[in-house]
Amino acid sequence: AGCSSRSASSSDKEDASKKPIIISTTGEHAFFSETNKKGKLEGFEIDVWTEIGKRLNREIQWKTAGFPGIIELLDSGRVDTVADQIGITEERKEKYYFTDVYFYVPYRIVVAESNNSIHSVNDLYGKKLGLLSNDIAYSYFDELDPEQKIEYVNYDDSTGVPADVAMGRLDATLMSSLHIDTVKKESGLKIKGVGEPVYTEDNGYPFQKTKEGKLLRDQVNGVLKELKEEGFMKKTALKWFGFDPME
Amino acid sequence: MDISFKIPYFISMFPKILQLFPETIKVAFWAFFLSLFFALVLAIIRQYKIKGLYFLSSVYVSFFRETPFIGQLFLFYYGFAQVSKTIRSMSPFTALIIALSANYCAFMSEDIRAALNSVEKGQYEAGLSIGLKPLSVLKRIILPQAARIAIPGLSNNFISLLKSTAIGFMIGYKDMMAIVSMETSRSYRFLEGYTAAMLLYWGIISLLSYIQTQIEFRLNRIY
Amino acid sequence: MVDVKELKKSFGKLQVLNGISFHLDPGKILVLIGPSGTGKSTLLRCLNYLERPSNGIITIGNVTVNARAAKKKEIYHLRSNTSMVFQNYHLFKNKTALENILEPLLSVKKLSPSFANAEALRILDEIGLSEKKDSYPSQLSGGQQQRIGIGRAIAVNPKVMLIDEPTSSLDPELVGEVLHLLYKLAAKHTTMIIATHEMEFARQIADHVLFMEHGQIVEEGDPMTLFTAPKKERTRQFLQKFSLNL
Amino acid sequence: MDISFKIPYFISMFPKILQLFPETIKVAFWAFFLSLFFALVLAIIRQYKIKGLYFLSSVYVSFFRETPFIGQLFLFYYGFAQVSKTIRSMSPFTALIIALSANYCAFMSEDIRAALNSVEKGQYEAGLSIGLKPLSVLKRIILPQAARIAIPGLSNNFISLLKSTAIGFMIGYKDMMAIVSMETSRSYRFLEGYTAAMLLYWGIISLLSYIQTQIEFRLNRIY
Amino acid sequence: MVDVKELKKSFGKLQVLNGISFHLDPGKILVLIGPSGTGKSTLLRCLNYLERPSNGIITIGNVTVNARAAKKKEIYHLRSNTSMVFQNYHLFKNKTALENILEPLLSVKKLSPSFANAEALRILDEIGLSEKKDSYPSQLSGGQQQRIGIGRAIAVNPKVMLIDEPTSSLDPELVGEVLHLLYKLAAKHTTMIIATHEMEFARQIADHVLFMEHGQIVEEGDPMTLFTAPKKERTRQFLQKFSLNL
């Protein structure tokens, strides 16, 4: 990575303000980033970035890929950021510049409809709890379950988890409270959310730890602040989720 | 910096991945021996067109070879679970072994069939001519000769199987790859994780390949 | 005892056996002679159902098989009464010379290992290949392979031996030895059907000779008569070359 | 019943999946022919122990056979992209074909090697004896005979390849399976989705298998 | 012209050729005789490097190859000067009878397809197998395969033909025809080295005879002398069986 990349980045800089912002997303994450019947992306993230693009006077381009491909697109410099309800954690902060939090996702316990014995984390002790590999729940469970009394069952993705809860293979799982009702409705699975949120996930947009990354992050932060203040975020959240998570 | 690759993290992955090695190897070995056995049966039925069973076995091979494994696994583990209590209370470990065996035996039967086919007809006839029953000819004459031809293909399948155990993570079974995916989705250091996994798999499977080479060498010596 | 009636066989359109009938008493040696491609090997192969005849009745010992209604069991039974020496040997490639001969002793006749071993070594000695006992077929010369093939068929100790060109790769010394070996078997009441193109060998070993052409028996008789005073013109012509060559 | 199976949804999946059929087949065919070619080269080098290339090709086969494909794909498309502008600007389509070919040719070379090994030495010698150069013997005598033994294994690999295109979704290439996982990720009606996919794959691959059977029949006729 | 000096070959510990030397003028026919397993086939196979000798210098036509420093190019050159009839035929299994004979004509001699076809059909006719032109090796009888093997080697039209047991599966009629065929080739100055165990055939065709045993030349000479008045006791003994059999 010698002179060629340096010259490339210096020329990048000149028209950096005109270049499109490229963003990766899965396109298969309900309400945040979905692919509609016409094959077009829609969702909360899409609306937010369309607005950010307008305000920064930059074109927005989307790249879809599976998880963790969307993250690697960022690492390999193909995209500028990732918009797909990415949770901020200390570990991830080492690797990326994150924007300020733009969304809080509360996570609740989900159990089978017939289960009436679980209402809080304490009720999970000695029970089987299904978690996804990319859940950030782990960072919270060090505190919530310091003695490791819960039996954790990990899954690669969420496909089978609600079904296992409904069937009784799992006692519970955690689900973003934004999604519980839709999943229940669309899948017809006999599950329900119980108790208060166990934890909330702070979502932000990650940028590469480079000069350009920091620059763009700062610009986006500026816009996000505006959007929050002007109520755009609230309006968009209501449109997709029916409530404002920032409250 | 153009490349972000954190060596200490990369190194820290090795012991973590290796911890799950038993989970990978347990499923792989069980599934391999089960599927080898059934593959042998299927191959023999199909190569010698054994009446009554030929059609059934052809449909079996066709279905399991030609549909995606993930579908087979889901249908078995989630679909059939709705009608069978046994399956509903089955552990992911058992379910994974069953699904993998059912799938791989279809593929492996094709390798074995080709190998049986490579043995000259004269060997079979010679076996019959001294009074051996067809099954004995198969066991004592044909299979030992077919083995050296079947081994590379079977070894391909065993290697795939070893890696396929990762799919178990879809139904909650954790193998070596699962830990990579868990660890890296926390840190988002996927390259480090996958590279570590690659080296480990390479090391482990190299050992198996070495055994393959040795067996092949011994079997080929006399031809 | 061998009895064959109206045996027919065709490959696709090619009629290879055209109604062959003959009878052979126990302990007798029948020799098949005739031009290349006439159906000698096919006839031998049909006799133990390695090739399925399209028509005919085959009786070997106490088994009778009708080609039009052959049952699996009958066929196995037929095969267990016979053994075969193949024109191209077909030794078991995954087995040593010794193991090739051991195979029928252990797996079919179920002799005890030590007894089988002694017997196999005796046969190896008889065919002059004791030294090669641990060689694999790929490491044997043509003549050596042919003798192992004969040895393997002897080990089966069947009622009837079907022998296809047993001397094709053997030098005069060994032809003499094989002749000797087969005599000894005949003395032990083993019936033999031998296809050969070595007329001298045929003349010396045969009790009865069939001269075949185009899948049919052209002439048959005892060797003395057939070789010295054949009745048919075609036989005379075929054998003429034999005498000419000599 | 805990999980319901919604027939209309199931039926609605078919056209959606089929829409992506061209994407699946394009990648599969390209990758198959590329990997077949390189597999042939690798197999020949390894079977005939060609000096200078033998060691290299063994290492190649070992690496690509013995490490997880997902790792290879990531290392290539995301890792190397950090240092190579060519790779950074490569389309997922191209990258997927390259990665699949590089991987499958290692597996396929083993099937071909076994098939070459099944042809008697005498055939090779006879070819040399009439004055053919080794490569001509290979082309005119050995390969045609090896084909019938190689076909079941190669066909196994082609089928796997057709299904492997699904992994392309990791780098943003959408094939038939990608649409299933996208569709079902929201509705959680994965049984409907995967069952539909299974039937479609079964139908499509059955056609290919039929061709395999026909070729095998023709090749085996004369042995 | 063929010249061989001190040719040696061993398989593992087994010394199969023990220093063979001989010289053969163009258009002459050398016949190798000797007991089974003596190294006749191995000698022929060494002559065109299908088997790598461990020692010795081989000259065929204008090519000389020293076993201690054989180069690839020399070996190809050597092979292009020779053709081989194998003891177990080794016909190309994926090709019909006609295609087997066409192969050297098209791929090595690069004749035009129509010309090659005519030539191949002529050869097929000469070996009496025109009818079988579209049969695959698996569909041919032993004698038919052997003749195709001879036909294929003839098609190469080499300086030297190496022929291993060309008559082992042939009846007397065909032995006569092959004899005739080889005579014609010799008249066209094709040099031939033939391993055979058929003494009568050897006596009729040979210009020079080598009697080998245990990888060594025991005695050599013109057939007249060697067959009627051998000098060595071992030769006499070997040939005795031959006369006895007759």
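When the chains are written out, they are named A, B, C, D and E in that same order, and each has its own residue count from 1.
Quick note on the criterion: contacts are C-beta pairs under 8 Å (C-beta built on N, C-alpha and C of every residue); 3 or more make two chains touch, one makes a residue touch a chain.
In UniProt terms the chains read B, D = Amino acid ABC transporter permease; C, E = Amino acid ABC transporter ATP-binding protein.
Quick caveat: nothing in here was measured; it's all calculated off a predicted structure.
Going by the touch criterion stated earlier, list every chain that contacts subunit B and also contacts subunit E.
C, D
Can you give the shortest number of steps from subunit A to subunit D, where adjacent chains in the path must touch?
So the least number of steps between the two chains is 1.
Looking at B-C and A-B, which pair shares more C-beta contacts?
A-B
By CA centroid distance, what chain is farthest from subunit D?
So the chain farthest away from subunit D turns out to be C.
Please tell me the distance, in whole Å, between the geometric centres of subunit A and subunit E computed from their C-alpha atoms.
So the centroids are 80 Å from each other.
Would you kindly tell me how far, in whole Å, the mean C-alpha position of subunit B lies from that of subunit A?
Those two chain centres are 36 Å apart.
Please compute the C-alpha centroid of subunit C, do the same for subunit D, then give the distance between them in whole Å.
So the centre of subunit C lies 50 Å away from the centre of subunit D.
Spell out, as numbers or ranges, the residues of subunit A touching 2 or more other chains.
In subunit A, 1, 68, 72, 75, 77, 159-160, 163, 167 touch at least two other chains.
Give me the residues of subunit B that touch two or more other chains.
Within subunit B, the residues that touch at least two other chains are 2-4, 74, 78, 190-191, 223.
Which subunit C residues sit where two or more other chains touch them?
Within subunit C, the residues that touch at least two other chains are 88, 138-139.
Of all possible chain pairs, which ones touch?
A-B, A-D, B-C, B-D, C-E, D-E
Which of the residues in subunit B come into contact with subunit D in the complex?
2-4, 62-63, 65-72, 74-75, 78-79, 82, 107, 110-111, 113-115, 117-118, 121, 148-153, 155-157, 159-160, 163, 166, 177, 190-191, 194-195, 197-199, 201-202, 205-206, 209, 220, 223
Considering only the defined contacts, which subunit D positions touch subunit A in the complex?
2-4, 6, 74, 77-79, 81-83, 85, 88, 92, 169-172, 174, 178, 181-182, 184-190
Where on subunit E does subunit C make contact in their complex?
So the residues of subunit E in touch with subunit C come to 11, 33-38, 41, 87-88, 132, 139-144, 147, 164-165, 168-176, 197, 199-201, 204, 238-239, 241-242, 244-246.
Hey, which residues of subunit A end up touching subunit D in the complex?
Answer in residue numbers: 1, 4, 8, 24, 27-30, 34-35, 63-66, 68-69, 72-73, 75-78, 158-160, 162-163, 166-167, 182-183, 186-190.
Using the touch rule from the top, collect the residues of subunit E that touch subunit D in their complex.
Residue positions touching the partner: 45, 48, 50, 76, 79-80, 82-84, 86, 88, 90-94, 103-104, 107-108, 136, 138-139, 152-153, 155-156, 158.
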